[in-house]
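Quick one: the structure is below, questions incoming.
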Amino acid sequence: MTHYTRNEMMIVTASRALAGTRTVFVGVGLPNIACNLARRTVAPYLELIYESGVYGARPARLPLSIGDPTLVSDALSVCSMQDLFGLYLQGGRVQVAFLGGAQIDRFGNLNTTIIAGAAGSLEEDYARPKVRLPGSGGACEIAIQAQKVFIIMRLSKRGFVDRLDFLTGPGHLHGGDARDSLGLPGMGPQLVVTDKCVFVFDQESKEMLISSLHPGVELSEVQQEVGWQVQTAGELKQTAAPTDEEIHLLREELDPQGIHIG
Amino acid sequence: MASKVMSMQEAIASHVHDGDMVAIEGFTACICFAAGHEIIRQGRRDLVLCRMTPDLIYDQMIAAGCARKLIFSYLGNPGVGSLHAIRRAVEKGIPAPLEIEEYSHFGMVSRYTAGAHRLPFYPLHSYTGSDLPRVNPKIRFVESPYDGEPIAVVPPLNPDVVIIHAQRADREGNTHLWGLLGVQKEAAFAARRVIVVVEELVEEQVIRSDPNRTIIPSLIVDAVVKEPFGAHPSYVQGYYDRDNQFYLQWDELSRDETSTQAWLEEWIIAVKDRAEYVQKLDASAWKRLSPGEAFAEPVNYGRYA
Amino acid sequence: MASKVMSMQEAIASHVHDGDMVAIEGFTACICFAAGHEIIRQGRRDLVLCRMTPDLIYDQMIAAGCARKLIFSYLGNPGVGSLHAIRRAVEKGIPAPLEIEEYSHFGMVSRYTAGAHRLPFYPLHSYTGSDLPRVNPKIRFVESPYDGEPIAVVPPLNPDVVIIHAQRADREGNTHLWGLLGVQKEAAFAARRVIVVVEELVEEQVIRSDPNRTIIPSLIVDAVVKEPFGAHPSYVQGYYDRDNQFYLQWDELSRDETSTQAWLEEWIIAVKDRAEYVQKLDASAWKRLSPGEAFAEPVNYGRYA
Amino acid sequence: MTHYTRNEMMIVTASRALAGTRTVFVGVGLPNIACNLARRTVAPYLELIYESGVYGARPARLPLSIGDPTLVSDALSVCSMQDLFGLYLQGGRVQVAFLGGAQIDRFGNLNTTIIAGAAGSLEEDYARPKVRLPGSGGACEIAIQAQKVFIIMRLSKRGFVDRLDFLTGPGHLHGGDARDSLGLPGMGPQLVVTDKCVFVFDQESKEMLISSLHPGVELSEVQQEVGWQVQTAGELKQTAAPTDEEIHLLREELDPQGIHIG
């Protein structure tokens, strides 16, 4: 079996989660490659939707950003952002959306707004942040409206925190039936793919559970990078390693310059 | 109708004033850097800048001290990383404190839409459970009179000036735009004044040959500027590609306040206009950024006389 | 993706059922008479018909007894006069009483928009001071949370089936439409099922060559029917003109219930399909209705590989 | 001077009222010809807006309906009806709109919905009308939103009524500051052009006043066709007759088949 990188492991795992999916809301970078890989393997009818207004993209190169001209040329439809967010996302036409963030908590809530300083209150921390992050972009409504949310994030103690500095995009909020009781249309986060393991969410409590460890990763390595006492989902499995075909597609076709897979 | 064609200098001098609310729109595509640079050159101050994605152009304008406030939904160098000048302003008040008013993308789109449609608010399924309404009191909720459920609303956004870059327009400002459409139509209709900047000026008959392609009608346009390559380093579908080398270069140089100011001096203040900027760029840039041809299949509107 | 191409017979048999809420949209242009005729032929009953402008096609369907209710905003034979069959149903209950639910044009547009955007209501400046809210309790008012002023709202409209006629689509249903766009996009996105009927089936590459022209994506389409001249006697921009002689003829013959029924028998019931209808028409009709050529100026999307 | 018809007199009078206007919301028939005549005479920069989604039409023939393909070919812009009603009309971009109706009252309120039978209540009359009229179309929002409304209607006692059977499009409602107090954005009806005279509205009471009589028309002829005691606006003037040039344009260029001017 071919040697593979941690990024390749993440991408392949994310792509397999798209088996049978028809529509995916794509971010650039890793999710973009994962979706293009899925189209060539487990989800041949997958259509890529970009918040910039693109449906059915067929990028001839790796897009530089979410609004690259290669996403427009040869797309099935290109519309205004009002239509993209209103008709596609809010209209309930997006089955899976990929999101990431600077911080995630045990219920899959995401922070992409600020890293707090020492001010103490949310309002003051927001007004004078230690680190100003990019903000929501479309993440807030994507988290609320997409049928399912898949999260891709590298595992780290700074990222997997007990308490977010700011809640930008709602996951399962405080867990249980919190989403349903607020009437959020989407089902929220279903999967968190990291470079070391995969998490799913408990059906009842909606708490994040370790579902499988990537080959060669120990449970303690994961525990150590998570800011709360994390449980496993039943018997712990090992994530299936990338196949030769997947690695070949990634290296020869999808990212020949090794920008994202390296 | 009289021609509205003028130079970028005239357009900015006539239509952008200190203290104005200004939006240079365009989602990754067709961002009118030429207009932003001219605003910096003319030394505008206290602007309220609106843009979904401030991008490098607002990073430059804020570094140059043009703005007192920023209304936005995503602060990033797209596909690259942070906007360092804006971060310095927000985190450390350098060169001056910057007030911010923050939404999600759909919230910004909805604000422009409400502004364009003269609606008192626009409803969207967002913000429930998010901390954003806690730091932005303009995000509110109303109850549906049908099922009693609450839904988020945002108020209209009506900038004093909106600047749009596009492929072609006639001399009155009837504008064809293709590729990503972003929020340009909504922003332009929401504006009190509109400046259209184009790669090519064309005869009215070119516009009339394909009226479904006219995103902005002359009715709402105040000035038309012909400024080829005016969107560099962003791109114009079918005309040139994004100059990603510059996006990477800006990521490096803008981390430092001194090198940022030096760049503004060399590439904006010391440069007369966009024509001089284009000349100053490596001549090979345009060759490198030029796309191949891919024409739309013909469409017959028919003659009905 | 598998092809969704089927005959009109199959499309109606599979997707339009007794009791369904059905909208054949198209504002004066691209009205799919072929679909309406097939619904009559297949004897559908108790339909709730939605259309901004019922036009002759709903006059025919209501005369044929297909509908129990009509949701609309303008009841006219456009440019000619009344819709006599619908008037008989509303004024005299002939052939059967017809329930009506009535809006203004912008109200209908807004209902489809709310349906397409999955909003609980859509706000618009209308109805204040009008008697329409007194006879339609679905028209309500909400207060703006910003200035406390009331504004009218309408609820979403989500038909079971929406039928759209257009110039061209690929076999999956990615559809190019040009000329008047009406409310087709909003209606199609609001629908549970969508039937697209086109003058021409084209290769996917034709659609991909001009993605801004794609008003309806394959994602929301359930059936694709190739039916040339399927919009006659209405028109398709660039393909054929409105057959105004027929609009005038219908104004005469539909004043009388007997001659109306005779026309339905001769031109719908006794006719197998649209191909036979086209054959039955005077061959000179197509020549008379054929427009001259007027092509859109070329547009380059560029290759970015 | 050329002999002219009553329709020609109406059209010419309506066209002159557009002097200096930039945008007009056009109906088919008489208003369409009046607007095209105005473009050639008093309002060279006039742009025609049709509710079907057309801005800046340049019809090569007389349109058969408000959605004729000749309105699309050679137009400056063609958009969805959501955009037309939302961005143009509600956006406040329409200076003048032409409306008509089956009934009008002294405050310029219009009825295009029903002619009542004998039922007695509005709801019952609506449910079982004597005559079912076309309904609002865009008239309700046009009456509310256009900056100014000009009305074209033939003078008749059946049309100019003391009390409408149904109020479809609001004029000045019960008069005075009724529109303002309800927050209606447009100024409401400013002018009523008929085949016998022109009406304006009193600045204060907003009641319809006879402003000028067409050549050869007596005041009593007008009184007789109006269902309320109608006043004049100061000293009664005579409407200026069509010029030879106007008549020439109408007959040779705008309606050579005499469909509307006859």
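Going in written order, the chains are labelled A, B, C and D, and every chain counts its residues from 1.
Please note the rule applied: contacts are C-beta pairs under 8 Å (C-beta built on N, C-alpha and C of every residue); 3 or more make two chains touch, one makes a residue touch a chain.
As the structure is a prediction and not an experimental result, all values here were calculated from the model.
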Considering only mean CA positions as chain centres, point out the chain farthest from chain D.
A
More contacts between chains, A-C or C-D
C-D
From the mean C-alpha coordinate of chain C to that of chain D, what's the distance rounded to whole Å?
28
Between chain C and chain B, distance of the C-alpha-averaged centres to the nearest whole Å:
37
Inter-chain centre distance, chain A versus chain C - centres from mean C-alpha coordinates, in Å
40
Indicate the whole-number Å distance between the mean C-alpha point of chain A and the mean C-alpha point of chain D.
57
Enumerate the residues of chain D that touch no fewer than two other chains.
54, 68-69, 72-74, 78-79, 86, 90, 185
Chain C touches at least 2 other chains through residues 118-119, 124-125, 149, 179, 181, 185, 212, 237, 241, 291, 294, 301-305
I'd like to see which chains touch which, written out pair by pair.
A-B, A-C, B-C, B-D, C-D
Looking at the complex, which residues from chain B come into contact with chain A?
27-29, 52-53, 72-76, 78-79, 82, 86-87, 90-91, 102-107, 109-110, 113, 124-132, 134-135, 149, 179-183, 185-186, 235, 237, 241-242, 244, 247, 291, 294
Okay, in this complex, where on chain D does chain B touch?
22-23, 45, 47, 54-56, 58, 60-61, 68-70, 72-79, 83, 86-87, 90-93, 185
Along chain D, where are the residues that touch chain C in the complex?
28-29, 51-54, 63-69, 72-74, 78-82, 85-86, 89-90, 113, 122-123, 126, 128-141, 144-145, 166-170, 173, 178-179, 182-185
Which part of chain B faces chain C closely enough to touch in the complex?
118-125, 140-147, 149, 151, 153, 155, 167, 176, 178-179, 181, 202, 206, 209-210, 212-213, 237-239, 241, 291-305
Provide the residue numbers of chain B that touch chain D in the complex, in ascending order.
1, 116-119, 174, 185, 189, 204, 207-209, 211-212, 214, 217-220, 301-305
